[in-house]
Every structure is written in C-alpha cells, then in structure tokens.
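To start, the structure itself, in structure tokens.
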C-alpha cells in the first residue's frame, strides 16, 4: 500500500514532466527524516536535547522510541504533525530542486533529466546522511494490534486510501487534472492553448513530492526503523509498479503496486522466502509480455 | 503521355447502381494484369469499423488514385496491405503472392513500399543516412559482412553506389542542400519529400503513397509528378491517396473511391467525376 | 490600424537563424496569406509570433503592444489563436476534451461555441468521445481548427489548415476562414494550396529563404508571371 | 631469528612499526566496528605515550563491504603497511586475504572474523585472535539442546560467510545432539522486511530459534518478531547480534534472547579494560580485546623481527605470541616492547586470552561468554572455555 | 519548369558545415590525450600533497583498470542504447551471468561450491556464451514489448539473477555445485593470466621486462606492476571491442540499428528485418557485458552477489552519458573519466586533504553545533567526506547535465555508413575515389578492403 502512495507521486511526475525521476526514492527518504524529526521534537520535548530529537536518534544510545512513546494511540498529535511536516518539507525540497535543476533543462530530453535526477538523488541522499548520519535506527514504539493488523498498518492504509481518494477528487473536479493530461500529451500544444505550464509543473511537484514524503513517513511508521537508503531500496519496486500500471494513471499505479505486493506474498506458499521476489519479478515480466497493451501499443499511424 | 483506359464499363455500371453492396462483385473489375489485389478486407477498432469489405485491384504499371472523404479508411487500408495492421478478414495478393498478414518488412521486400500520411523520417539521422538506409538487400546489413575483416570490400563498393544514387535523388527533390542536416530539422514539406525520396530508393515494384503532396509547394509538386510519370514508364506501379482533385483527375488513369470503409466506385477520372454519389460524398460542389 | 506588425524580425532555432529581417503586417480584419517553397520559414514566422522560437531581433507588435518577450499563455490571452502545422491535437484526450482545452483560459467552456463547431464538423460530434490520436488525418485537422476557434480570437494564425482535407472540406475550410474573417477576425494563413489562398485573401507575401520576396494583393500576386512560375506551379 | 634485528646496527630501536587498521566503521557492522577499531588503535596510543616509540597507524573503513574492504586494503598495502588488524566481517576478511594480503605478503590478524572457512586459508598471512565458529556453533548447539532442552530448532541466518558458516556448524551440532531442525532460512542484508523469513522459521514453532546476522538487519528482525510471535520463544544469537542498542532500536527488552560471544578473559583483561575506559570513556564491547591483542602482537612482531616488512612479521608473530619466553601483556606492553627490541624471547598473554596461534592461524583456546539482554543492553552471565 | 528555386539559388550558403568523418586513430589519439591529462593531474596533485609514490602509482593503475572496465561496459551499452535505442537497465545482470558461469567452469572441483576446474580461457569463453544465451532468452520476450516495458524487464532480469545468486536455496546443489549463496564462488583469478604469460618464452620475457622496468626504474612494487600488465591486457581488449563496434557503427548494419532507434515501424516499412537485427545486437551486447564483468570481477578470487547490485548498471550508464551516448569514442572516454574523477577520484582527494589536516570529529552535526570548539562543524564535515564525496558526485552530474548534456565530446555526428557520404564531385573522378578509400580504411578499421 505504501508503494502505491509513492507510485502515484512518481507516476505523476513521470508522465507530466516526461522523465523518470530517480530522485523520487530520496524524496521519500527526505519525508521520512523530516517528518520523524518533527514527530520526535513534538513527542519527545524535554526528554532529550533538541539536537538529539531533531536528528532522530542519530547516535547510538540516548532516548528510546518507547520513552518518547511514538505510537499512534499514545501520541497521535506528534504522529500527525510529523506527517504534515513530512509532506511539507518534501514539497519544499522538491520545489527548490526544480528551480535549481530541472527548470534549467526543461527543453532537454527526458534522458538528460533522468541523469540529472540521479545526480539529485545522490546529492540529496548523502546530504541527509551528513545531517542524520547513515546509521539505521528504530524510531517507533511497538504498536498494539487492532484485529489482524497492527495499529500502524491500519493507520497507513487509512491515510493512503484517504489521500488517493482526495487526489482523485482534486483532479476530477478542477482544471488542474486536465491541464496535466494535456501537458503530458503534447507540451508544445499545451503552451499554445494557453496552459500556464510552469504553474502546472509546480502543482505536479507539490502533489508528487507530498505523496512521496508522506509515504516515506508512513513506511517508517509501519516498519519502525529508518535509514538513508529507505527510498533508494524501494525505488525499483515503485518503478515496476508505475510501469506495470501504466504511466500517468493513478489507478494504474495503485493496481501495479497491489500486483507487485501480492506476487511477493502469494509466491511464499510455494517458494522459499528468499525466492519470493524472484517470482514477483518473473510474474511481472510475464504480465508485461502478455498484456495486450504492451504488445499492441506503440503502433501509431494516420 | 499515354493514359491507359482500363476501365470496364459494364462492371462499373453495376457497381454504381449497387454501391451499397459492392461485395457481391468485389473483384469484379477484370484487370488484364493486376499487380495488387485486395479482396473483402475488414478492419475495425473497437466499435469503429474503419475498413468494411473493401475490394479493388491495381493494374501493373498504372497510376491509380485512391480517394475518399476524411476517415473513409484509406490510410487504414494502406496499413492493412502493408502489414502495419492485421486485417480481420479478407486477403491481399501482390504480384501473385498472397501477402495477407505478412510483416511490414516482408511486404516491403516483396517490392511493395509505402509512405506515411504524416511523414515518418528518422529524426536523429541525417537526411543522407535516411536515404542510405532505404535500399533493399544491402550486403552490409549482415553483421558479419560489415564486421569480418576481408568481407567488407563488397559492402564498401555497394555503399559508394548507393551514395551516388542517394545524392542524385536528393538533388531531384531539391533537398540536397539539407543532406547533412538531421531529418528532424526539416520543415513539414521537406519531410514529406524525404519520405517519398526514401521510398523511391528502395527500388520497389509498386509504391503506395499516402497523400504525398499535402504541404508540398505546387512548383515542386509538378516536378515530382513528372518524375512519377517517368517512373511509371519504367514499369513502376503507383497507388496514390490524394485529396487534390486536380491532381487525381489529371494524373491518374484509374481512380478508386472509398466511402465509409467500402469502395463506393471506381473507374476513369471522367467516369468518377460524373458519379452523383461520389460528388455528394466527396467532391462537394466543386465539380 | 495594424493588428499585427512584424518588423525586421530575426529568429530561429537555438543558434540557427532562419528568419532574416522579415516584415509583415496584418491589418484589422485583414486576411493575409503567406506562400513560399518548402522550408522557406513560413511556419517559423508563425511560431515566432507565438513566442515558440529563439527571438533574435526586430519587433512584433500586436494591437500596438510589443509582444516579443511574452510567454505563449500571455500571447493567447491578448487574442491570438494558432493552429500549428503538425502535432496539433492532444492525442490521448478525447475530441471533446480537446475542444475544452481550446477554451482553457476562459472560466467556463462556452457551450454554444462547441455547438457551432459541431455544426460545422459533424464528424467531430459523432466522435466526441474518441481519442484524438485515433482520428484520421483530416479529422485531426478539423479538430485542431475547432480548438483554435474556441476562443474567438482577434487574429488567427493558420498553418496549412487545408492539408489533408477532402476537397469539399477544403472548400469548406476556405469558406469558413472567409466567414471568420468577415466577422472581423484578422487571418494570417500559410498555404500550399496557394492559388486558392491567394484568390481569397486581401494581401499576400511570398517568403523565400527566411526573407520577404514579394508582397502584393492576392490577385496581383496571382497575376504575376514570375510568381506563378516559381511558386504556384505555373 | 633475532639475529636479524642486528641489521640496524643500533638495534631496532629506531624502526617505526607501521600498522594498518581495517574495520567496518560504517555499514552493516558500523555500530560494532568503530569500538573494535578503537581497541586496535589502543596499543599504538598506549606505546606512543609510554615510550618514545612512534607507530604509524593507518586506519580505514571497509563499510562492511568486500569490494570497499579490498580497495582500502590495497590502499594500505600500497602505502607500505606490512601488517593489518582486520577485518571484522568474515566475508570481507576472506576477500582481503585472498586478493590482497596473501599475494602481497602482508600479515593480517582479524579480531572478529569467526567463519570456519578461514581455517583452511594461509595461516602465515592470515591469523585471528578470535575463534572459529566451528567452536561457537558447537557451543551454541550445546546451549540450545542441553541447557535449554530444545528438541526442535529453527534457524534464520544472514547469507554471507559468517552466517552460512555458523549456521552450518550449529545445525550439525544440534543434529548430533539429537535435536530436530525444523527450518533453516537465509536472509540477505539488503532485505527491508523479514516477515516472510520469520514466518518460515519462527513460524514452524520450534523450541528455540537461532538467529545469525548483524545489528542493522537484527533490529528489524526483532521488531518484526515481537510484533508477530510469541515473546517467550527462546532465541539464541551469536556475537554478531550482540549490541547494547538493539533493545532500544527494536523497542523491546528482548529478555528471551540468549547471546554467546567469544569472551575476553585473558590475564590482561583488567589492564586492558582500564586502559580502554580511560582512553575512550566507555567500557569495551565485543571483540575489542581481540583487536587490542591483534595490534599488540603485530607491533611486537615487527619490533622483534626488526624489519617493517610482511614476511619478517609473519615469521615472528608466533615467536612473540606463543609460549616459551617471558610472559608479557597489556599491563606491561612498554616493557614488552623493550624486550622485543632487544630480541628477548617473549610470550604475549593478551586481554582476550593467552593468544597462542595454531599453524592454521587460529587461536589455540577460547572462552565463550553467555549473556542476556535487558532494555539497558546486553550483559554477560557466565563463560565456558574451549581448547584445541 | 522552374529555374529559380531555393535550393538552386544559394542553398549551399545555408548548408551546415561539412561533417568531418572521424577516423579511428584520431579518436584513439583523443582518448590517449584525455588519459594523459588525467594522469598528469593526479600525479601532480599527489606529489604536491606529498603522497607516497607507490600509492599514486597504484591509484593510477586502479583508475586505468576501472576505466577499462567501465569503458567496456559503456561500449556494450552504447551498442544497445546509444545505437539501437534498447534501454537496457539490467547491464549488471548480464555481467553477473558471465562471471558466475566463468567461476563455475574454472573453480576447483574440490572447492565448496565445486566447479569444473577448467582453464581460464575456457571459462571466459563459456562465460561469454552464457551471457549471450541469457541475452537471447531475455530478447525473445522482451523485444516484443514497448520501450519502457523493455527497460523494466531487463531490470527485473538483473534483479532475478542477483536474487538467485544470493538465495540460500541454490547455495549448494547436488554434486557440490551451487552459487555459494552470499559467500559466492571462489575461482582462480583472471589476472593469473599475467603469471601464465610470464611462464611462456617470448611473452614471459616481455612481461618480465615491463615489470622489471617498473620496479627498478619507477620504484613501483611488483604487485602494482603486475596489475599494470593485467590492466594493459584489458586495454587491449577495450581497443578490440572499440574497433569492432566502430566497424558496426560505420556500416549499413549500424544504420539499421540507428533506424530502429529512431522509428522502428518506418524501418520495417522499408523492408528492414528489425527484429532479427535487434536480437543479434542484443545478444552481442550482452555477451560483451558478460566479458566486461568477467575481466572486472574475475580479478577477484571471489564472485559474490554483492557485485551484481543495480548500482553498477547505473555507474555504467553514467559513464556512457558522461562521454555522450551514441559515440564509441565517447563511451571509452566516459568510462575512463568516470572511473578517474567520479568513482575513485574523491577518495584520492580525501587522502590529499588528510595529508594536510588532522581531524577530530564530534559524533553528530548537532553536537558539532553546540560544541565549544568553533571548528567542530568543519571537522564534522571533513570526517563525513565519504558522504560528501557522493554529494559532489551528484552535483557534478547535475552541472554536467545542465551545461553539457551531450557529454564531454559535445554533439558528434557519427555517420552510419561504410564510406564517406559527401557529395561525389563527378562519378568518374579518379582522384576522388582514391581519396575515398583512404577515408574508408581509416573509418572502417583495418585496411583489408
């Protein structure tokens, strides 16, 4: 499910800005650190030095997640504030990067932007590493169970679902959705029709980055620990989900994520756990090969 | 220039009378020497029937026009013949060989080459490279020929010939000054010219041109038409989709009219021009 | 009064200069045609007016305001509509959506204009839900034209609108342009269907190699032996 | 052999020992590696302050990754370090030894690589102050089957040399003792979630679960374990998963976890502990004493041999470390140095144990410490000793 | 007809500057120049900082070695992506197949996991064929799908290979064979060909001579010199691949590849058998990737799954892009420059900085800020050099893409044809044709025509 959130964000920037954004994973990480820094600050105020809290337990030892009590039921406010900050910080970072990097290369091809995004990915990730150190650490307190799920899993699903529905309504009800599609379709023509392309791009980044940041934050909520490689390790799966579902489609991203998630789990029934991912990838390849869309698409003549 | 009058009036008569059900005498027009025969072709896209039971044949060595309103199914017919689409039903015979459902490259290598309505140049290759690509059966297209020491001599020899030929063609189409430019930097009309010139380079038996003159300057257009006639004299066959009626009437000896996916009528330009249904469906008040 | 006044324009793509000191005017409600060989720079002039090329010098005034530095979305709101030569529809949006995009800068989509366009091009109404990319070549041309008309512009730039249209529609297209022009909209038209275009317009330019070669009334150009021979196919 | 020291005329007093330290100061073992490297640097710091000896120490980080380790080792070797204390992870150590140490005749002593695979390698250029897991696996099997009375067992192991080696020894030991092995599940360090692996191992409901890995994955494994399984299932972990921060990172006191680790109870342990604490302000952790001993032996062997060069050091390691000779240790390292420089026979008795090397490079005896976790960290409860 | 048309009047004035057909020795010269400048740069920097000469020499050897490896990878990728437009992002998977196959063939039968114990050249051949075969297996389904699907399939493939290699289930198979799981397979090193060379009469003397010269004249340890010799062999192979690919590039076959990249349907409509060409090229490229993998990882005794992480694919992509996709010369230069400045360079710089400055760093940046020592922040940053190196790497990439998106060489038109395509003056001009064959020889490779 969290893949879905991240995938929706990636899918939007992919289709509208016309390049595969390899820094998306690190936007996720940015959100995770930014959000948890805020959550720690709010939840752990007074328990430890501000520095220790803001850096989310950068050194070994020190205050423990249990002490701070970071768990949805124990400190819902801290968790909520953390989530909002996660989105906000990521949006700010993404917009700054767009100004500094991508804006200067709008007229270059997708490949140049892709490479630049790899550069952004590295710079961003290790910038985070310098600040937060590259240690992996636990950050959440153990969550109680609610039915078959833990409270954190449930939180994740509910928020992700709400966000996706919200986005759907936003795009349905406003011109924004259409202008985004128009830009994805034919950018020159979009210019000619009077679509303020720069503003659409900004909006795209805001949505894409907010989704990335929040998903990063929620992933950590679910998994309990955070490290600077969080987003990068997920990126491949997210790309697979996006492409599987069809670039640019929210539901596609959703479905793609579910397929990827399910294959991994279902194959456990027959295969040793270390081969589960293998079967996911094999199935993915099979779907791609036999999906008629993949076979017929691309031929266009008039 | 001699224009063959190959129409067989009785059949046409019957078709005109019964335009809605052409299928009955689909391959009715008896052509002495048909190089291309299309019969009962069907193609649909979802709910839209683009080609609906189309049959016609093209005489060897002729310039045949294919006309019809926008959306009549002309381009789709082209695509079905050349293997871009696979028709749901019907058959295509070229030069005595059944080529239904063949791959585009097989069709092309059989000697049937087409151009596209919206020119498909290779954008990041120079105009010359575009031209050099086209000729069939190049020795150097075999990897080992191009790479193996000692095997390359013949390739180089052939390349030289092809190059000279390419320059000649480019000069004729007046785009030789652009030879070393990337094809993507050409203007709209120049691209169409390149597309046509490139198709000619393949030295085909028959050329199918999808609106070759749309966007081409009239002066150049005349020149190209002269060339087409000259080639026709050499035994080439042309099937041309065009909306320019003057051109069709003046240069084609045989005209096929498509309407709503089927063949509405065919015959000499004069006959077509006087067909009420054709006028209504296509020509508007022009004639 | 001149609606559009292009003076001594230099422009091109990147470092490559294509347009060399072109002068061109379109008066209020005037109908002007540009003809010329392939690659002369006709499309480039239009793109330059719309801010889509690299501007290198000269001036472009619209209704007395210099617009050479404007962004396309600003230019469109000053009242210029543009139908480019190729790639002129949004291929994976429906016909209806394409038309709606034409009215993007308005707050609401004017239904009567859509109706008027459907009146003129009934096939578009029939295919309103189809993706524009699946239309036939001619149908796409109609759609592009319809899209540009959604805004009722003061000046309409048309780059070869008749290319690929069936003869009845070609006539129709020209009639339509006449009527748009009669309603007071200035028209700047690029056509390879040059004779017809020159017959109908007020004035014409012959553009060769990025420079003005001839300028006169349409009829005068039609009558000129040299022009006929070199550019109109005899 | 000590005649060699005469080469320099005035004795070897003015040679400058050069010691490389190659430990994982970041990466999977990052949290263990830095204290180990500190321990390895300690003899040099101690000697530089207590004597007028200067020791050139080159300290580099392997990031717990073989390719990084190899290139850092190459850098050390190219810069002229003839002896290296390192590495920690068995996978890294094996790669470094094969690709760099042995071909270049540079002596490496690993304080922490316990994989049984190392036993068969070149005992002159690759030695260790920690024991082979052949022993630890057996010790763990003993604890599991005989102490804990487990008759069914499952394992979850990191799929590298260390994890695979220890798992194989442990499983063999358990089977020898008549216990049934329900599942052996491997995981890779790049995994982000281990639920399915836990399902396949802990999910078989064994009497005891054995987990081998490093803290970075360990914290996630334990977090997920406590979320999904019975908190009372006994879990046995070896040295790699002994880390004081594990309970806070997993947010659980981990009281069901029993740990084993090669202990440090040599004669010099108290001297070492006080030295370490006064230098770094914290108590030493796992393998810190072994690291100290490794460095100390290398320095002594260099001085005893009188030449800063790999083969000479290799020849003299056993001379200074194995019996026969004056017993020296962390407490009197400055005197030991003097004796080595004079060519007197010495027998280094370390912080971790007697530090006697077998021909295959392994130590001849070892003590295992058995301990348990609380929220505050790990503490040692008792120890057992093995001898070759 | 018309006499005054655009083309006739002064079309020539507007014509683009005539293209110079690059000849391969000029290109190799260019490559050599880049390498030489890089050497001088690092040499100078190192000596200035007073670094150990051996260290510098071995650093130069290393960047050359990695340069050669990256160049091989980039060349193969250029064949896929630069020429044919096949966006293969599973490069490392094919490398992995090659290395694992080679290791399996050459590992000793007594080792665990066991191998076949065959000589290294056999292993390399088998590895190459295995990588080709893997390419074929992937090509058959993958080439039928859209470009972005193709990309994800190749990526999926490389992950499958890695996951299989790391999997515990395949660690040991019946017969003692297997992947060895996380500990990989240990096999003889490919650079043992150096000692093999030394044992042969003629080559032995030559190799010994080179090593002797390095040791005695340069004072370089012989281990470093042996590495130099091995690197030299790699360079030789890079040159061979370079010539092979250049020959492909300047040929009708290369032209078909380009056409596939640009518009496959149009190429098919001109009668080109694009599917066959794609399979051939894909398989060949995969084989070359396998070769690159073997020569790189085979230098180690152990092949582990760690070596086939996707990051290596990314490195090779960057190398190719730095040089300029579509150009073979660019691929080689890109590979070297990437290895020298991006992959290994920052480490060198750290050494240089360390030689001037001793740092004592606080554990976190927050501590650095509150620390009483005003320099603590700077100390912290210097200590974080490992991270900062990646930040610099990222920034370099960004700046490069903004300022010089076509790669270091700028946009080059390498015209896909076996002859000079400029307008023949007159068909029967004798001087012209000799002129031509001269250019042809230089462009096409050996003068065997």
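Letters are used for the chains, namely A, B, C, D and E, taken in the order the chains are written, and counting of residues starts over at 1 for each.
Everything below uses one rule, namely that a contact is a pair of C-beta atoms (placed from the backbone, for glycine too) under 8 Å apart; a residue touches a chain by one contact, two chains touch by 3 or more.
Just so it is clear, the structure is predicted and the values come from calculations on it, not from any experiment.
The minimal number of chain-to-chain contact steps leading from chain A to chain D is 1. Fewest steps needed to get from chain B to chain C, stepping only to touching chains, is 1.
When chain centres are taken as C-alpha averages, the shortest distance to the whole-protein C-alpha average belongs to E.
Two chain pairs, D-E and A-E, are compared here, and A-E has more C-beta pairs in contact (counted per touch definition above).
Between the CA-based centres of chain A and chain E the separation comes to 32 Å, rounded to the whole angstrom. One inter-chain figure worth recording: chain B and chain E are separated by 45 Å, centre to centre, where each centre is the mean of the chain's CA atoms. Taking the mean of the C-alpha atoms as each chain's centre, chain C and chain D sit 79 Å apart.
Counting only residues that touch two or more partner chains, chain B has 75, 84, 116-118, 175, 178, 219-220, 222.
Of all residues in chain E, those that touch two or more other chains are 2, 5-6, 14, 166-168, 265.
Annotation for chain D: residues 26, 159, 185-186, 188, 190 touch two or more other chains. Of all the residues in chain C, the ones that touch chain A in their complex are 50, 52, 72-73, 76-77, 82, 84, 87-93, 97, 100-102, 104-105, 133, 135-137, 140, 147.
On chain D, the positions that touch chain A within their shared complex are 26, 30-31, 159, 185-188, 190, 192-193, 196-197, 199-200, 216, 219-220, 223, 226-227, 244-245, 247-252, 375.
The touching residues of chain E, counted against chain D in their complex, run 52, 54-55, 57-59, 62, 166-168, 171, 181-183, 186, 189, 221, 223-224, 299-302, 304-307, 309, 347, 386. In the complex of the two chains, the chain A residues touching chain D come out as 60-61, 64-66, 134-138, 140-143, 150, 223-225, 227, 230, 233-234, 264-265, 268, 272-274, 276. Only residues 45, 48, 67-72, 75, 117-118, 175, 178, 185-190, 193, 211, 214-222, 243-245, 282-286 of chain B touch chain C when the two sit together in their complex.
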